[in-house]
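Chains here go by letter, A, B, C and D, matching the order in which they are written, and residues are numbered from 1 within each.
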Amino acid sequence: MPIAGVIIQTDGNDNGQVLEQLQAFKNVYTYGVHKGNSIVAVFDCESSKELKGLADQITEQVQGVMGVYPAYVNYEDEMEQAQE
Amino acid sequence: MKSWILRNLTITRRIAQLTILAMMFIIPYLNVKGFTGVIGTFYSMEMMGIPIVDPALCIQTLALMRELYVPLLLAVIIPLLAALALGRIFCSWACPFNTLAEYAQMLRLKLSPNKRIQAHNPAQIGHYLATLCLFMLALVFTFPVITFLSMPGLLTSQAADLVFLGSLGLELGLFLIIILAEVVIGSRFWCKYACPVGATLSVFRTGASLKVTFDASKCTCQKTEIYDCQKACPLSLNPRKKGIYPYCYNCGACIDACQRNGRALSLVFIHQKEHVKPLQRKMEEVNG
Amino acid sequence: MFFEKLFSYHEKFLRPPGAVPEKEFIDRCIRCRKCQQICPYQCISPAGALHGDAMGTPVIQAREIPCYLCMKCPPVCPTGALKTDIQKADVRMGVARIDRATCLPFQGIICRACYENCPIYREAITLDQEIYPVVHPEKCVGCGICEHVCPIEPSAIVVESSASRNED
Amino acid sequence: MTVNRRDFIKSTAAAMAAASIGVTLPGTERKLFADTMTWHKTVCRYCGVGCGIMLGKRDNKVVAIKGDKENTINQGHLCVKAFFLHRVIYAKTRLTQPLIKKNGKHVPATWDEALTLVASKFNEIRQTHGPDALAFYGSGQAETEETYMANKLFRGCIGTNNVDGNPRLCMASAVGGYLASFGKDEPIGTYEDIEKTDLFFLVGTNTAEAHPIVFKRLVEYKNRNPQVKIVIIDPRKTPTDQIADLHIFPQPGYDLPVMHAMAKVLIDEGYIDEDYIQNQVAFADNDKAITFDEFKTFLEAYTPEAAAKMANVDAKDIVKAARLFGQAKTAMSMWTMGLNQRTRGVWANNLVHNLHLLTGKLGVPGSDSFSLTGQPNACGGVREGGGLSHILPGHRVVGNADHRAAVAKVWGVPAERIPAAPGKHTVAMFEALTKGEIKGMYVLCTNPAHSLPNASKYWPGMRDQFLVVAESFYPSATTDYADVVLPAAFWGEKEGVYGCTERRSQHMEKVVEPMGEARWDAFIIRDLAIKMGFEKEFAKYQTAEDIWSEYITLTKGTDMDLTGATYARLKKERGLVWPVPSEDHPGTYKRFTKGDPLYDALPAEKKQGRRMYFYGKPDGRATVFARPAKGPEEPVDAEYPFALTTGRLLEHWHTLTMTGTIPELNRAVPKAFAEINPEDARKLGIADHDLVVVETRRGKLEIPARVIDRPMAGTIFIPMHWREWMVNVLTIDAVDPGSKEPEYKVCAAKLRKA
């Protein structure tokens, strides 16, 4: 069950509205807007596939989002499962 | 050899049928092992580089694609020539569905001997209507329906899947439903009316093709009313009467049965000398 | 309507090389398994019955066994569902896509598995700054070898099939 | 898994993401320490680059791995092999109990049984056949402490110099080259030069695959500085080739004339540093001193045209390469097995050094003649620790009585116990084993049955004589022949020091307990020694630090002074580059020049007018050698028309005992192949993936073909990793007369479709 720390880059016009839209995703946790156009967020997903899907979905569906850039991905649990 | 085969048609045919059943598994096994001299299923095969396609599927593809795809036309030459000369012999000697259906029928008779279906020759129109419907089905759905209704192809491809993947597809359910229905109803309706493969092959039968003839003057069963030939027919046809075609698939079971009686039935091509009217023969006997 | 639903559920399959557009492919393919049987790598398997009308059609699951482009299958196709007159480099089974979120070089781990194994060597996949793999869709044949060799689970490079119902 | 833990990971993820844009999230820092996972500093177990690794441990299990961001070598980056390295600890093929061969089969035994058997057998052989009937074959992957213990047991206690190791198969020629040219082994500079140079001169190296992190640094530097030039001399178009400004493809084994011709162009066109030559360079032919003019006369024969003809290259390229080398303000040469694994390996090394000496491109930032090492501790444990048959710890030599006495004193053994004559080098050692002259051998952490050249020739010896193998993995080609197999602790399960390519010694932490009954090699040797009756000499070693602390006393005052590199210091720092004469010394960037404590300590008159003083040489001058150009031992001919060469792949390492256990790496490259040029393939009717038969005078191998334009026409390349496709049944076991390193890189082969 990967957890990813990401930077969601916005166009900087209406960050509040972007944040609001992000609230709708139940496995996205936001940690504030930084430097004008960067939202720190955490994705908590069931699988890496879902993680990727979520990033794509946000890029495509949320207005004002320029891109989703993962900065940190934790796969520990997935790796343990693989080992077992 | 040839005469032995003619005298023991049913045994020979059983050997051929069982060989084909075995080959359904042996050939994919050899393919897995890297031998690809013979590949394919009864949808389409390739033997030593020569492609063969089921004519029914050829017609379906031509109809769906509205394109004269030359390699496809070339690939039906061999089955068509075979059908022209020997009729629907593929069905009786090779088709694995027919083999299994025959054995299923035999089993049924063994379990309840009284439920034998009365042999009779249905009207030809039934067959033509059924065939037409099938091809219409493909066109209406613009989808290769025939592919899934072709039992020989379906069975051989499932056998191949079993060997290649170790698993079977849901398509096999269709086969099970059909064969169960045949056993319950007791009629071989699928091979007679429904099978698109057999239907297509019988379209190419001509007057000169191999056929069963009956010489009433030789028939000895009339007196005792045993009619072994009718009982032997796997499709419950009556070979003593006219109109067994296009349903008869030249299996030769009736001829084999008649060997023990008057030898009134025989498989002939039209131009063969033996094919003479009974009256003429009688005249010859009187005169000679 | 039932049939439409039954027939339209269908993933974007990776088809063997030379496949005609998907809609036509479904119609042409007679499910004879010849392409599957001639394949020396056994990379082709038939689609299952749950895939509706695609049932029995040849599919390549690249992560398991990719297409090595030996081009033995197109000539055995009897119905032209696979075009016979196709060259290795002209095959367009799909296009590989790299997921930068999991692809190792983007995480600072040197890996060149997809680049090294690409049969359109140094053309379909190149290395940006000699480190980061880049797919060139105009050269990519979609054989799936990259998807097969990717050491990350699930593969960070996946071939997106060009087989689509809607384009003809 | 608890909710708390998940929350923790979430806040970590957020903190990491924020950190990536330079923001610190309030309240996240404290939580970072709440996790039960701890990170431990260690060094990569694979190649000689020496990347720093952090291992994550939870519940006494290694669960995570990452590059050590603080390590100056890799700065947090890793290659794909290392990314999966921690999983090797838990490989299914781990050996967890001692095995003794009984009736041809390995059966589990207790440690006591196994060690008693080995000790009694070794003692018996020593008494009946003399100490030279025993031998130790070590490894560049063993820790310095492990090699040191074996060295002491075999040399100091048993009394034989039959101590060699697999670095003989990879680094010996570089050692010979450094000693002959500069008087002291190992490079002058460090990796730091990579980011300071104007020209990379890569000879016989596939850096991209064999030393990926060095390659990454090189590429990133070039990307930032497009004016930096890269010249490659290599008969194979490797992935490294992609970044080359100029690539010269000599026939395998014929690069010597190319380097001579480059030297000639450098001299003729005035690119040489007259002042440098005058003050710190001497000239010599094979055995006697010559003058610069005589050297010039020698080079007359090597015009670019003549050399081009010998090597089958374009003369213009040679001139171009020489001019690039000459015009560059600084130049850094790098090479690896392409030069070393040759019967003229030492000479080839000398010729690279020549270019630097003639142009004065040495001893300044950005200029170095820098040998890349294949194994993680070939430099540290074996070259520095004296793990070869002719050397002793601390860059000492067996032939020197003072050196022997110094070592014997520290070991606490009689000086006369160490024989004066060098022992048998690797190939000779296994030859003696096969002939029965060596009757007992201890193999540590290596797989000679797979990795020796012409391997099948040496299998009967391993089968017939008493062979002890200490390994972490079972089975391997070698354990099959072993009479006793001892389960060794693996990387992560033991403490110790690795010394990498750039003279850097790095400490590796013990993170988890060894699997099963596996034990640390150094303690296995200690206990064996005690069982053999050397309790007095060995009982004192209780920790890894005990061994290291004793070892570094042997380096005191030598050119590789490690006195200041104590465990306490090494545990904190990301390695130290010797000489480190005291605990407050930061380590040395450049040797033989200002900043090197040995140079600084020289009397002023010696340093007069010299920016470099090669203190390993009596006159302080490095030597430019006039080595005749010579081809490979087994040139191609009509019967065997192909040159066969071997090498590594990025995803795998050595004999697959480690990388072969990782499914992800096997997925990337599942099996061996023979790279064949498309032109040759067409002529022979070979298609990609076809099975081909490669045959040499020593054996044949059936292997799938990979038709690719990497090897040039007439050349076949086969990676060395797979036992099932063991290329070493084909390779030639002819050795360099100087370094005794075998010529893996060239032999004559024939090729046909199977």
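The rule is simple: contacts are C-beta pairs under 8 Å (C-beta built on N, C-alpha and C of every residue); 3 or more make two chains touch, one makes a residue touch a chain.
What you see is a predicted model, and the numbers here were worked out from it, not measured in a lab.
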Taking the mean of all protein C-alpha atoms as the centre, the chain whose own C-alpha mean lies closest is C
Interface with most residue-pair contacts lies between B-C
Distance in whole angstrom between the CA centres of subunit A and subunit C is 29
Rounded to the nearest Å, the gap between Cα centres of subunit A and subunit B is 64
Separation of the C-alpha centres, subunit A versus subunit D, in whole Å, is 44
Distance in whole angstrom between the CA centres of subunit B and subunit C is 40
Expected list for subunit B, residues touching two or more other chains, is none
Expected list for subunit D, residues touching two or more other chains, is none
Residues of subunit A that touch two or more other chains sit at 4, 70, 73
Touching pairs of chains in this structure are A-C, A-D, B-C, C-D
Seen from subunit C, its contact residues with subunit A in the complex are 99-102, 107, 153-154
The residues of subunit D that touch subunit C in their complex are 67, 76-80, 82-84, 208-209, 212-213, 215-216, 219-220, 223, 239, 242-243, 650-651, 664-665, 667-669, 688-689, 708
Per the touch rule, the subunit A residues reaching subunit D in their complex are 1, 3-7, 29, 31-32, 34-35, 38, 40-42, 44, 70-74, 76-77, 79-80, 83
Residue positions on subunit A within touch of subunit C in the complex are 4, 48-49, 51-52, 55, 70, 73, 78, 82
Note: in the complex, subunit B contacts subunit C through residues 28, 31-32, 34, 36, 39-41, 43-46, 51, 53-54, 57, 60-61, 64-65, 67, 69, 71-72, 75, 141-144, 147-148, 153, 157, 160-161, 164-165, 169-171
